[in-house]
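Notes to accompany the following structure.
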Amino acid sequence: MCDTEVKMENYILEMKNITKTFPGVVALDNVNLSVCPGTIHALVGENGAGKSTLMKILNGVYSATSGEIYLEGTKLELKGVKDAQAAGISIIYQEFNLINTLTVAENIFLGRYNGKKTVKWNVLRDEAKKLIESLGFSFSVDTVVGRLSTAEKQLVEIAKALSLHSKVIVMDEPTSSLTEKDVDMFFPIIEKLKADGITVIYISHKLDEIYRLCDNVTVMRDGRITGNSAVKDITRDEIIELMVGRSLDMEYPARTNKPGEVVLHVEKLCRRNDLHDITFDLRRGEILGIAGLVGAGRTELAEALFGADPAESGDIILNGKKVVIRSTLDGKKNSIGLVTEDRKETGLVLPMNVTQNITITDLDKVTRNLVVRKSEEKVYAEKYVEALKVKTPSINQTMNNLSGGNQQKVALAKWLYYDADILIMDEPTRGIDVGAKFDIYCLMNELTAKGKAIIMISSELPEVLGMSDRVLVMHGGRIKGELTGEAMNAETVMKLAID
Amino acid sequence: MNKIKSIKKEDLQSFLIENFVAILLIIFVIFMIFYRRSFSSWFNITNIINDCSMYGITALAMTVSVICGEVDLSVSSVYAWATCLFCILCDHMSVFPAFLITMLTALVWGTINGLLVSRLRMPAFVATLGSMYFIKGLAYFITKEQPVNTSNEALKAIGEINIGGITIVPLVFIIVLVFLYWFMKYTVAGRAIYSTGGNYEVARLSGINVKFYKMLVFIIVSTGAALSGIMYCTRVYSGAATYGSDLTIWAVAATVIGGTSMSGGAGGVHRTVIGVLLMGILFNALTLLGVDGSMQRFIRGAVMIVVILFDAVLRMQRSNKK
Amino acid sequence: MEKRDFKSKAKDFIFSNGILFAIILLIIITGIIEPSFFAWSNLLNVLRQISVNGIVACGMTVCIMSGCYDLSVGSIVSMTGVFTIISLNAGTPDIVCILIGLGIGLAAGIVNGTLIASINGRSGEAFIITYGMQVVLGAIALFPSKGLFISGDVHEGLFKTMGDGNMPIYIFLAVAIILQLVISKTQYGRHLCYIGNNMDAAKMSGLKVKPNRISYYAISGFLAGLGGVVLCSRVTSSNPTAGLGYEMNAIAAVVVGGNSASGGSGSIIRTVIGAVVIGIMSNALNILGISTNYQLTVKGFLIVLAVALDIISKKRKS
């Protein structure tokens, strides 16, 4: 990777034989990562490939089950974030580590204040100003961070990393919520960091950016390293092959049925600043994929259709009839179900049991003479636990004790129990294992064969392409394009998604 | 040009909305000045200042805890406890050691509240509700359920200090104000309290000892309430377990009216001065207007509900805008 | 292996019921010191005394199950008492007086619920708003009589029977049985658990969260109103501060009985046990000559201890 004559000790950072297991899952399997000083090193892989886990180990958030980390040849013992910072490693997460109510200057020096007991605001502000200016920008360091744009917050995080005299800065998908214009402004900053001798580990799955920016690339898949190369020596297709690694038809069951007539027509749906003129059709027996970056308005659209955060204008026409959806109850009455993106926070009632989480959508079905019949609930619960292959010791098990994949199946089961005709699935396979994923894909096929219509929102491009009959791409709260057939490929989707 | 104008208009609008309650009260004050001549007399003004700075000390301390995202319901009991203990002690020793011991007990109450909240992760409301009854019962216990008086000469001398109508209480209020302002603005501990209230997780990940600061704010509130209680003793030379029952509401309302949001992480003790003055003026005016005690209680509760609702509505609006 | 299981089970049991044991111990000690304590007439007396608190605590259980507390119930008890007696003295028929009392309680509860649900308030906001309502309603109770006692012109009839003899006990038990059935058997009760555990998930499953939340405060207010009516019928007068501290007694009954302090689950049976145990304890403390004011300390301590044990036992489980 580095020039061949460079010896091993010349790597600035080495992670050797890193293994990390969570109960029941091997997240990282004997991973080796070596980074040359003063380079921009890309780390790519699909969601769930283990990139984030690896970086959390590097940052001291997780401790590795086994393996060693060397920075400039010295072995590191990282007990927490502070240790990593002291050693010269900083991470900029997708969700920023900033306090919205405090100023830019203070956020840069959060929790440190130059090691003294009192704060010298003049010094603090001057230094913050210098850091921001050194990045080539000049905005007031007295602004409250909550008022900044995403790109500006990004800058504050970089300034914070610089103030820590970081040698290695890890950026976790920094452009995922930036506009094209912001990205153009952002790249020179990263190049400047490189020119100043700082090493950057750049996590992304946007190949364009990697070719534009990075020197070396490491590819991960399923908790392993599958490839290592200088960017100039590897083609796009090779990287994709290393990332995906298996043929698509193995991973996704074939779609067999053909979509029928239109069941849902959405016309010019608008809401505040996050949805603009959304117009599309959904057909019986169809899986409609919605692709786009984080913050493109996909979840917002789902919540508008379901009534969780209703649209302000525009029409929703269901089976030829205009309907008004002002609340989640309206959504449900119109036979729309939403499997939310965060099953723990909004999808399930974790302290309650499997049965109660399935029957939550329709207790009328199991109520006789005002009493909720546990015996009838049991019948339904057992039916869906079996149909969805939910692995649980009993239907009376508390949801807390189930694995992510099985929790997700229950979150889905409650809408099957309700028999919703239109199912909106927001990130249906996030954070669950391959087996459970395949089960859910098969189930989606079964449902559409029975005439249900599915809207699938997903950030995993292969999944969207592998499962959908048609794909809508969203950006900035608008639908940027509709893709079918040949046009449904990663490049086109990405082009539309990034704008 | 047009753009600049419109931005300014928007700023003004948001300023008006955010300070709605305060503006209403100021209008009320202007009305009072013209309606009742006695309202703006020097005598009445000093009266207001002397009165509101007593509870004001607790309001300043309460502001610190609200900035950290917590509310302490036990202040009313700590206040009552302090009046009782201080008066009892003053009959047995001189003022200063009595003062120190009383403050020390407040420190203990604060530590207990703080430990329950920070270590055990008990919701602050439940923890301080429990300690509110606990401490009140103890206050009854040490006074044998009767108000206690003190005839300590030194205390009387302190109480009689009077400069142009202003007693020692506003002076103490200003000292506490200056100290807490400095503490919250210029010390690392103060800034850590802001960070902890602004975003607990981020603060923790930034290496701030969040548990310690959660505990510290409860100590600050308790000592503030005890100091308020002692200040009351310099005026009435007596203590009773029934004193200060309206203190919690008064202090929270003054804090939020001043502009420190219940969501935490923002605001400042200096803002609370406005809230304290407005609360003081409001209730003084009500008394001048001949509004009876139960009606005043009613208004106190209503003001509190209104400011909390307003604060919540503002927060919802802000998150919607985003 | 089995032995250890038994041991940890026993520990769990003690953690979730520890306070009950401690109080039962106190009761036994009192019984030994003062044998008349266990006399049937004394126990019946205790039940009569706790019935008002018990009725209020049943409503509080619903609120706590939904994840929020209602601190205004004490003032509702006072307020309904005052207005019931006033309307009685004005010569209003008994049934109308009772309905006025219940209506006032219900209205106060609906105001509480509407304010909290409209700002989508969590436990913190609910605490402060109901605390504000405690002050406001307490002041309203003071208005008509300027804070003085009003003795009631109580005559034979429906109103008198409500507080007569063992009637308060029957009312308390009827309320408890009905509410227990509603909570454990009906959709309404199940929805209460969903909302108490995870309001957002309940909303995303198509439940009407806001009207439900308002109804929880309405129940709490209504039952506090009922408590107020029974109380003033029992003492045939109204005292504008009669309900002082009722919110604490109610919360204590709920959490000491072993209900979760953070909501999501609960049972009226536990609350009834809690109310009875606290009633007997108060009685025991009275017999031992400890005044009601000092008992504040004991009850405050019990609330904190009960909640602390609840938190610890939850931590042990997870």
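So that you can tell them apart, the chains are marked A, B and C in the order they are listed, and the count of residues begins at 1 in each.
Simple rule for what comes next: a residue touches a chain if its C-beta (ideal position, glycine included) is under 8 Å from a C-beta of that chain, and two chains touch if they have at least 3 such contacts.
Just so you know, these numbers come straight off a predicted model, no measurement behind them.
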| item | value |
| --- | --- |
| Category of the chain touch graph - line, ring, star, complete, other | complete |
| Most extensive contact between chains (C-beta pair count) | B-C |
| Gap in Å, rounded to a whole number, between the CA centres of subunit C and subunit A | 46 |
| Centre-of-Cα separation between subunit C and subunit B, whole angstrom | 30 |
| Between subunit B and subunit A, distance of the C-alpha-averaged centres to the nearest whole Å | 44 |
| Contact footprint of subunit A on subunit B as seen in their complex | 185-189, 191-192, 194-195, 197-199, 202-203, 205-208, 264-266, 320 |
| Residues on subunit C engaged by subunit A in the complex (per definition of touch) | 185-187, 189-191, 193-194, 197-198, 200-208, 264-265, 318 |
| Residues on subunit C engaged by subunit B in the complex (per definition of touch) | 69, 71, 115, 119-121, 123-125, 127-129, 131-140, 142-143, 146-147, 248, 251, 261-262, 291, 293-301, 303-304, 307-308, 311-312 |
| Complex interface listing, subunit A residues touching subunit C | 306, 308, 327-329, 331-333, 338, 340, 345-352, 356, 360-361, 363-364, 367, 370-372, 400, 414 |
| Interface residues, subunit B side, partner subunit C - complex | 71, 73, 116, 120-123, 125-127, 129-138, 140-141, 145, 241, 246, 248-249, 252, 262, 292-298, 300-302, 304-305, 308-309, 312-313, 316 |
